[in-house]
Amino acid sequence: MAVQITTAEAVKKIVDQSSVMIGGFLGAAVPLKMIDEIAAAGVKDLTVISIGAGYRGGGVDVGKLVVNHQIIKYVTSHVGTDPNLIKQIVGEEVELELSPMGTFVERVRAGGAGLGAVVTPVGMGTEVEAMAQKITVDGKPYLLFKPIRADVAVIKAYRADPLGNLQYQGMSNTNPIMATAADIVIAEVDEIVEIGEIACEQIGTPGIFVDYIVKGHSYEARKVIYEEMWIATNKL
Amino acid sequence: MAVQITTAEAVKKIVDQSSVMIGGFLGAAVPLKMIDEIAAAGVKDLTVISIGAGYRGGGVDVGKLVVNHQIIKYVTSHVGTDPNLIKQIVGEEVELELSPMGTFVERVRAGGAGLGAVVTPVGMGTEVEAMAQKITVDGKPYLLFKPIRADVAVIKAYRADPLGNLQYQGMSNTNPIMATAADIVIAEVDEIVEIGEIACEQIGTPGIFVDYIVKGHSYEARKVIYEEMWIATNKL
Amino acid sequence: MPKNYIARRIAKEFKDGMYVNLGIGIPTESANYIPEGTRVFLQTENGGLMFGPKPKRGESNPDIANAGAEPITMLPGGAVFDVATSFAMIRGGHIDMTVVGALEVDEAGNIASWKIPGKLLTGMGGAMDLLYGCKRVIVAMTHTDKHGNPKIRKKCTLPLTAAGVVDMIITDKAVFRVDKDGLYLEELAPGVTAAEIEQLTEGTILNIIEWEHIEIT
Amino acid sequence: MPKNYIARRIAKEFKDGMYVNLGIGIPTESANYIPEGTRVFLQTENGGLMFGPKPKRGESNPDIANAGAEPITMLPGGAVFDVATSFAMIRGGHIDMTVVGALEVDEAGNIASWKIPGKLLTGMGGAMDLLYGCKRVIVAMTHTDKHGNPKIRKKCTLPLTAAGVVDMIITDKAVFRVDKDGLYLEELAPGVTAAEIEQLTEGTILNIIEWEHIEIT
């Protein structure tokens, strides 16, 4: 069962050297306010886990923590959109742990679902073989990867009720998976509604997975933020 | 993209010795009409894959195929509800392949998701160890199970659109997982609605997974069937 | 012995905000005794959280059922999902407590509940996942079998459902805490003596004198 | 050479009812040339099926975006889901076709597209899953690099994205089918000769004479 707190209170769950999962996908559906709070708090030596660096050009999403030099290790599948991050990786300021995107997702899912490993054919015959253990099942070769968990997951949903039930709209992307795979789960939402207002079939993440709910930007404010970013980058 | 056909046409996809996954959970949310069609067709030597035998007492759900002696192998996690099936297993008419329920589910998911195996701690220290391969990850012992797939999956959803997008109501249980794990997927639904009537967030199984849609009982007719069963067994 | 003693004793373990999966029979019955003001969220492994009592006739929904495919209702704030999510929840350690019946339990916290060779063939269903994954495992059962033989053993004789997972045993005669080193007798049912428990329990009781009677009303 | 030749040639591979994932750049551009009456369902790996063009200003939704986090719209009948479902779809063989760019492709159907040691560091993203999982893999790229060197190799020199997966190569000069035994030249772009292709292709062409010109309008 979740408790509603402020973003300022929530950010205290993240300390120096915490491992932090951040929901979203290359800047879309990310917990904007919480990322700002983490940047403002200035906590250091974070292991950040997210599916890919932020929006193209850097400085957005995990890019804010990159600019602030708060990351010591980045666990992901893609860094190509953030030149600042690439510089820090090349300069050995940030350690990079890569897996193919689908494998990354399954590793997080396994971390949340109590599975011992992910066994996948993806990456066979490539450098990825060196990132995993090889295993043969039914005469076929596969790669075995370990699960991923974090101290804290900071995820983004559309609405929450006071029990922590979350509703998504559009692509929920990594958020429902990451909601299962951390010791502390903080959900940033556009809106908090009454119990029962989100129908049982609309709940994308049941409250059992959520520890804290924080109120983020309203949907309208968030729409403005994204439209400005998209217009500035010629995508709208 | 799915095609709408009759249950009589759909049942022809299942032949002697087919492996058939049947969605639902101990009789709830099962494809009632398609099961009747399979029973009427009399196809034999089926390998049936479902999470558990039908409603307590037998003769319902896969229980209809049991009564008809159509099953040669049953892959499941639970048979305790169907005395006829237990008799056939003890009499070695039906071969039984058991796994713990969560493992069964992950095996089907792995079959649909292109994963090579399921690695789980569940069953360690029990007879289940003999049903799997033992594996050590990070110094901890796990059991490795192979994926499950079928020739045909027959599943149940609430509504479909002509593209095969499926909407569930209530517990979707095994249906969305089985929809991914067979060469041919037949979805029985209460109702077929226009494209766009099921909102993108309401689609529980996208049409990409579905080959055939068949019209089952209407919701109201189905409600009567279940209420009668529940009243007869003192559960309502 | 008060009526429904075991179910009512189980209910004392419910804490506000707990997510709980209850096995069939007496464990499920314990939901009737959840203390006023304590919110307990019940999970059902076929894919539901926060379900309520059975519906009235004419108000059931064929797709809202428990793990036995029996009709239930969803409470406001309840959630439904598929079995992959349900067992991720169970196996992943997200459920605070499960209460289950058993054929035998032993002093190492092993439990046997799914099979009697040559006699009982049901399949393990979700029991192994629940026993492995839930944070706290309570076994609720009669203290002895119908022949009066101890069900709390030194070592289970039947095939195990899970090894080393039991945290507490609630019987019609006593309550035990099962710790790493073995069985601790914590409570006696009304009118039961420690000597009687010692006689009816095969496993070694480590603290035979430190029990207490607690009131079950 | 007709404008947007490669994109328009890709579009000839679309068949009615296909589920397709298009890589960024020219592959994505090919969606503009889907033939009238052919329904192609586009998948985006961040969790969407059947998306449409970008929205108008003021009509975007911050949670409806493509894999580059750029605004898109959902068409009627479109579906959204999480990335576990998305990659189950991709890796599980449910997507009919993917079209991607490449740095190099070789006659064994290997493809290199994600890394230039000491130069290009991006991570593989979803490319390996797509190349491994999609039923049909088409590589779309310029025939040579900017220095005029062949990009169709005997053996890729760069780190592979996937081994033995490419079914077809579409360049600005030719189309190859990649079979188990190697490269088959199937078409030549307008004004291109087979001799020219042989010279600009490092991999062995098995059927140098059996090509044809096809019309791209």
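Each chain carries a letter (A, B, C and D) given by its place in the written order, and its residues are counted from 1.
Here is the rule we use: a residue touches a chain if its C-beta (ideal position, glycine included) is under 8 Å from a C-beta of that chain, and two chains touch if they have at least 3 such contacts.
Chain by chain, the UniProt names read as follows: A, B = Acetate CoA-transferase subunit alpha; C, D = Butyrate--acetoacetate CoA-transferase subunit B.
Only a predicted model underlies this, so the values are computations on that prediction, with no experimental measurement involved.
K.L.:
Give me the chains shared as neighbours by chain B and chain C.
P.N.:
A
K.L.:
Looking at B-D and A-D, which one has the bigger number of contacting C-beta pairs?
P.N.:
Greater number of contacting C-beta pairs: A-D.
K.L.:
Quick one: point me to the chain whose Cα centre is farthest from that of chain C.
P.N.:
With centres defined by C-alpha atoms, farthest from chain C sits D.
K.L.:
With chain centres defined as C-alpha means, what is the inter-centre distance between chain C and chain D in Å?
P.N.:
From the centre of chain C to the centre of chain D is 55 Å.
K.L.:
Go ahead and note the Å separation of the Cα centroids belonging to chain A and chain C.
P.N.:
The answer is 36 Å.
K.L.:
For chain A versus chain D, what separation do you get between their C-alpha means, in angstrom?
P.N.:
28
K.L.:
Hey, what residues on chain B touch two or more of the other chains?
P.N.:
106, 109, 114-115, 120-122, 168-170, 200-201
K.L.:
Can you list the residues of chain D that touch 2 or more other chains?
P.N.:
Those would be 48, 74, 80-81, 87, 90-91, 132-133.
K.L.:
Which label fits the chain touch graph of this model best, line, ring, star, complete or other?
P.N.:
other
K.L.:
Chain pairs that touch, all of them, please.
P.N.:
Applying the touch criterion to every chain pair yields A-B, A-C, A-D, B-C, B-D.
K.L.:
How about chain A: which of its residues touch chain D in the complex?
P.N.:
My answer: residues 25-29, 51-52, 54-56, 76-81, 86, 89-90, 96, 98, 100-103, 105-106, 109, 120-128, 158, 168-177, 204, 219, 222-223, 225-227, 230-231, 235-236.
K.L.:
Please name which positions on chain D make contact with chain B in the complex.
P.N.:
17, 19, 39, 41, 43, 48-50, 74, 76-81, 87-95, 132-133
K.L.:
Which of the residues in chain C come into contact with chain B in the complex?
P.N.:
Within the complex, chain C touches chain B at residues 44-48, 54-55, 57-58, 60-65, 67-71, 74, 80-84, 87, 90-91, 110, 115, 121-129, 132-133, 159-164.
K.L.:
Applying the document's contact rule, which stretches of chain A touch chain C when the two form their complex?
P.N.:
For this pair, the touching residues of chain A are 1, 109, 112-115, 161, 163, 165, 180, 195-196, 200-201, 203, 206-209.
K.L.:
Looking at the complex, which residues from chain A come into contact with chain B?
P.N.:
106, 110, 113-122, 135, 137-138, 140, 142, 144, 146, 168-170, 200-202
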